[in-house]
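Look at the two complexes coming up: chain A is in both, with chain B in one and chain C in the other.
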Partner chain A sequence: MSSPGLRRAAVAVVLVLLLTLPAWVGNPYYINIASQILHWAVFALALNVLVGYAGLVSLGHAGLFAMAGYTAGLLLAAGSGHFTADVAAVGVTLATSAVFAVLALRSTGIGFLMITLAIGQILWGVAYRWASLTNGDNGVNLPGRPAPFGISLAGADAFYYATLVVFVLAVASMAVFVRSPFGASVRGTRDQAARMNALGYNVWLIRFLAFLFSGFWSGIAGLLFVYYNQFISPQVVALQTSAEVLLMVISGGTATLLGPIVGAAIVVIMKNVVSAYIERWNLVLGVIFVAIIVFMPEGLVPGSVRLWRLGWRAMRARLAAPAREMLGDRGR
Partner chain B sequence: MSLWLTLAVNSVALGGLLFLLSAGFSLIFGLMRIPNLMHGSFFMLGAYLGVAFLAKGLNFWAAALASAAAMAVIGGVIERFLLRRLAGQELAQVLLTLGFSFVIADICLMVWTGDPIQPPTPPELRGAVAVLSIFFPLYRLAIVAIAVAVAIGLWLMIDWTRLGAMIRAGVDDTPIARVVGIKVSRLFTLIFCLGAALAAFAGVMGAPYLSVYPGLDADMLPLALIVVILGGTGSLLGALVGSFLIGFLYNFGQAIFPDLAYVILFLPMLLVLVLRPQGLFGRVAS
Partner chain C sequence: MTVLAVNDLCKAFDGLRVTANVSLAVEPGERRLIIGPNGAGKTTLFNLITGELSPDSGSILLFGRDITRVPSRRRPHLGMARTYQIITLFSRDTIERNVALALLGLSRLRWNPVIDFDRQFDLIERARATLARVGLDHIAGRPVAQTSYGERRRVEIAMALAQNPKVLLLDEPFAGLSIDERRDVQALLRAIPRDVTIVMIEHNMDVALEFAERITLLHFGEVIVEGTRAEVVADPRTREVYLGE
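Let's turn to the complex of A and B:
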């Protein structure tokens, strides 16, 4: 569509905008919203690995996201250091992802989706009902944010920059993943599983590794989330979180790098705006789902491009029509 | 001793209720391959509608049937005008039904507020009957009896009637079924309506004993899901056995390991997935 030079320029402009964001936004409330968008974008990018590139729709990813958050939260509350807690959180999330993947990959398509939904629900059950471990509905409070290399992340600006660094790393790893032979083989298992199998690829293993990759970044996003809020409760593990992040992926456009990021921005901004005026966020969320499916099934980014082109063509046709009439419509 | 017996009776009653819920889910998800994430919402909305009809002074059974009929219409409209256009697109169907489940949940919250509602047990089913000097609450027995009757009715319909043969033909080979003159899409709408009606009926039946509250939908959907994965998709016998198994696990788990009861509920499903992915009575993997 565009030349690589133009694209590189666009990326540079966006990076500069993101880097200077606290300066031109100013108000910590909006800086915090930007942090939220970034960590949700990391989560949406992680889910997109499965939904977009592997063609496996998971409705249990909130479980992985919360697994990291809860592990870190509980360890920190028990008095361990940030480094240990974070490493343990990522380790536990990876192990959970592996179990998740082994069970869910018994099936593909709807079966995969239903199994991930069921397992996600188990994790919700653990978080909600195993009160002696997770403190049940009251959730877990964190003692505070970490201070890597002696820089405190307590303020909105500092936390925004930390989130931005992780976000950029996530986007870069996604870009590498998409271009890598592994990324190509993941897309291969999505489009032509039988053919990939016949070519000697281990389809199951490729999907399993894609799941782990997705689980890893979901865990990182979960860590960012729990540090941002300094609190985690079973609400985070509920189906609604999985549904919201899926909406981010789908609304932005699956199997694109930009789609989940745009989707995350739209959903977070809307959630904040809608919640400020009415308390019916769930209704709005549901209606958006239905509207997207009915009007823009391919996602907002590709969908807007399509509608834009349609409109452009219609406008050009209207502009061209009088001209053709003048020429007596001898055209072609 | 009497504690265990009470638990057993409650388990069988919950099993019956779960069967009414998951039979419809098994038909919609197992036969038609539609991942209907609204099924818990049908149960909850059905229960709320039943409560509303009861408040209008309707008799309990009339309210249950009216709620089932209303839900059949709602389900039919969603299937005919929205889901139908997405035939074969699983992801789109998932999102659409998920979207509707949020809308339904929020509308219920708006109309019936957040307080749980527990309608009274129908007067003719209050009290208990004594069998061998052991007392059984009548209402729980009635739920089981209705579940068994529905199971037999569905089995007769699917396996022994012309309609059932047409449904099976439509599922196994849609194009050929169409060629021989079976109106497959009309049949599918019919099944969807039936599934929705069964869920709503189960909701009303369950209301006097589970009560109706926001979040009931999210509680029931996973239960229907595990029953169907456990029993095997599309198998009514599987749904029946799975329902009673989950009914027992739920009640006994809650009594013995209250902290982990919810997790125990899913263990047989995980075992089945690992050892026998097609489910206990399923023929093909989901």
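Let's turn to the complex of A and C:
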């Protein structure tokens, strides 16, 4: 089977596994873990647009993620309908992303990282200190999950399938973006910004639009998060969330579609499953990250592909050696 | 009409004058050579013309239109293309993809987030045709990282040619090339039609003098000598400043 054929077959198998997951997992606890992996994966994919494809490392994306969650949470708590709250949440997140981008794109590299970190911290400060709006440290409780088309998402299975639909849409939109001329332009600004400018590209605008795209999916992930937990607090806006999602992207492999998903799975499983058995699960997570950086600096997914190819080549060479010897013997 | 006119252009970095009242007038189809010792301000002049640097004073006219304040990203759309002294290619991509990116830069398609770039057969066809012009079509699918230095130089030129420029600025296109590679690039430049005006910076006098019709000699950011090849070579200031006699 050809390489694209193999890829399509692998995607089909994964889709079937994901679609049947509630049937073979059974336990709602693990179905909820799967929902968490999926919505964190959407967030990691969104950050990957900037980190992997645009070469812009953000440490303030938790601000965008939480902006959607807070907007929806506050509107729902005030009595709005789910549709209004969700549309407003995405709109506010996009507007915040635009402000983020205008401020942060004055710089690249470490300057960009520091500006996003600073704005993220400002948003955390607002969530924490503007208690009359955000309820401060007590957070915002949601009255409940939505019921689109009359289907209640209150149960673990239904919410999992809703998250899966959004996840598939996110992956599909990223796949289309990556292969598109605009995706190529974004990657070009990462690799040779000055050259792109000299070729007629508007580097700033390309980065700005990439930021909005990333912000949009961060907001969608934030909505999934807030519906999953039915609660949001300033802890979600904290630097730790931004750092965690950045680690998901880097550990899985930047500029790949699969990498951020694998990274999200590792972090969520460590936090929720391994922590039940190992008290110092943070230490284990740290060791895993160090091991990835040492042995696969490009990330788990591209690193595994590299090691697989090396292993495959070595095996073929070993298999070919006796055959060559036999042929050599015959020749003599 | 003069294709490219530079009038009294000045640029200083922290008080150090790198371009001092430089004026040039390049006529249609001309092959203009800009020479000068290291630090004479040749590349700075190119960066001013392409808009990568803003001049402190003076003006730049392209086909009579004042482009002094036109952003550098707009200038390729007006018919200006350049190559770099230090090769700046997209090393993770194939040669063909590099040239396709150059073509995409002038196309509205560059904003399209939905279609498949690899299925834009018109762009790919045009990229292949440009690569055929520079003799690289047989290795179009090879990643840039797996090409020789001479091949990369030609890819640089192919990317500029792909944009169908009216004015082509070449910054030391022969730098670092072997004798054979130099011959190839020389043939390639000779084959560029006369509707493309070429301004070239070059240190290698053997190849540059053969190519040039008019020469401008820069020294400490100033135009010291300008004229035909014979006039500039014969001028004692050229020998004094550049040839060290």
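In this text, the second predicted complex is superposed on the first by the 282 of 332 C-alpha atoms of A that agree within 3 Å, B and C clash if a C-alpha of one lies under 4 Å from a C-alpha of the other, contacts with A are read in each partner's own complex, and residues count from 1 in each chain.
By definition in this document, a residue touches a chain if its C-beta (ideal position, glycine included) is under 8 Å from a C-beta of that chain, and two chains touch if they have at least 3 such contacts.
Remember, predicted model here, so these are calculated numbers, not experimental data.
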item: Partner with the higher number of touched chain A residues, chain C or chain B; value: B
item: Partner chain in contact with A:292 - chain B first, chain C second, else both or neither; value: first
item: Touching partner for A:219 - first (chain B), second (chain C), both, neither; value: neither
item: First (chain B), second (chain C), both or neither touched by A:201; value: second
item: Touched partner set for A:63, first chain B, second chain C, both or neither; value: neither
item: Touched partner set for A:103, first chain B, second chain C, both or neither; value: first
item: Partner chain in contact with A:182 - chain B first, chain C second, else both or neither; value: second
item: Partner chain in contact with A:234 - chain B first, chain C second, else both or neither; value: neither
item: On chain A, positions contacted by chain B and by chain C; value: none
item: Residues on chain A engaged by chain C in the complex (per definition of touch); value: 176-177, 179-185, 188, 191-192, 194-203, 213
item: Residue ranges of chain B in contact with chain A within the complex; value: 29, 33, 35, 37, 82, 86, 89-92, 94-96, 98-107, 109-110, 218, 222, 225-226, 229, 258-263, 265-266, 269-270, 273-274, 277, 285-286
item: Residue numbers on chain A that touch chain B, as the complex places them; value: 51, 57, 59, 102-103, 106-107, 109-111, 113-115, 117-119, 121-122, 125-126, 128-133, 238-240, 243, 246-247, 250, 280, 282-283, 285-290, 292-294, 297
item: Residues of chain C touching chain A in the complex; value: 50, 52, 72-74, 76-77, 82, 84, 88-92, 97, 101-102, 104-107, 109-118, 120, 159, 163
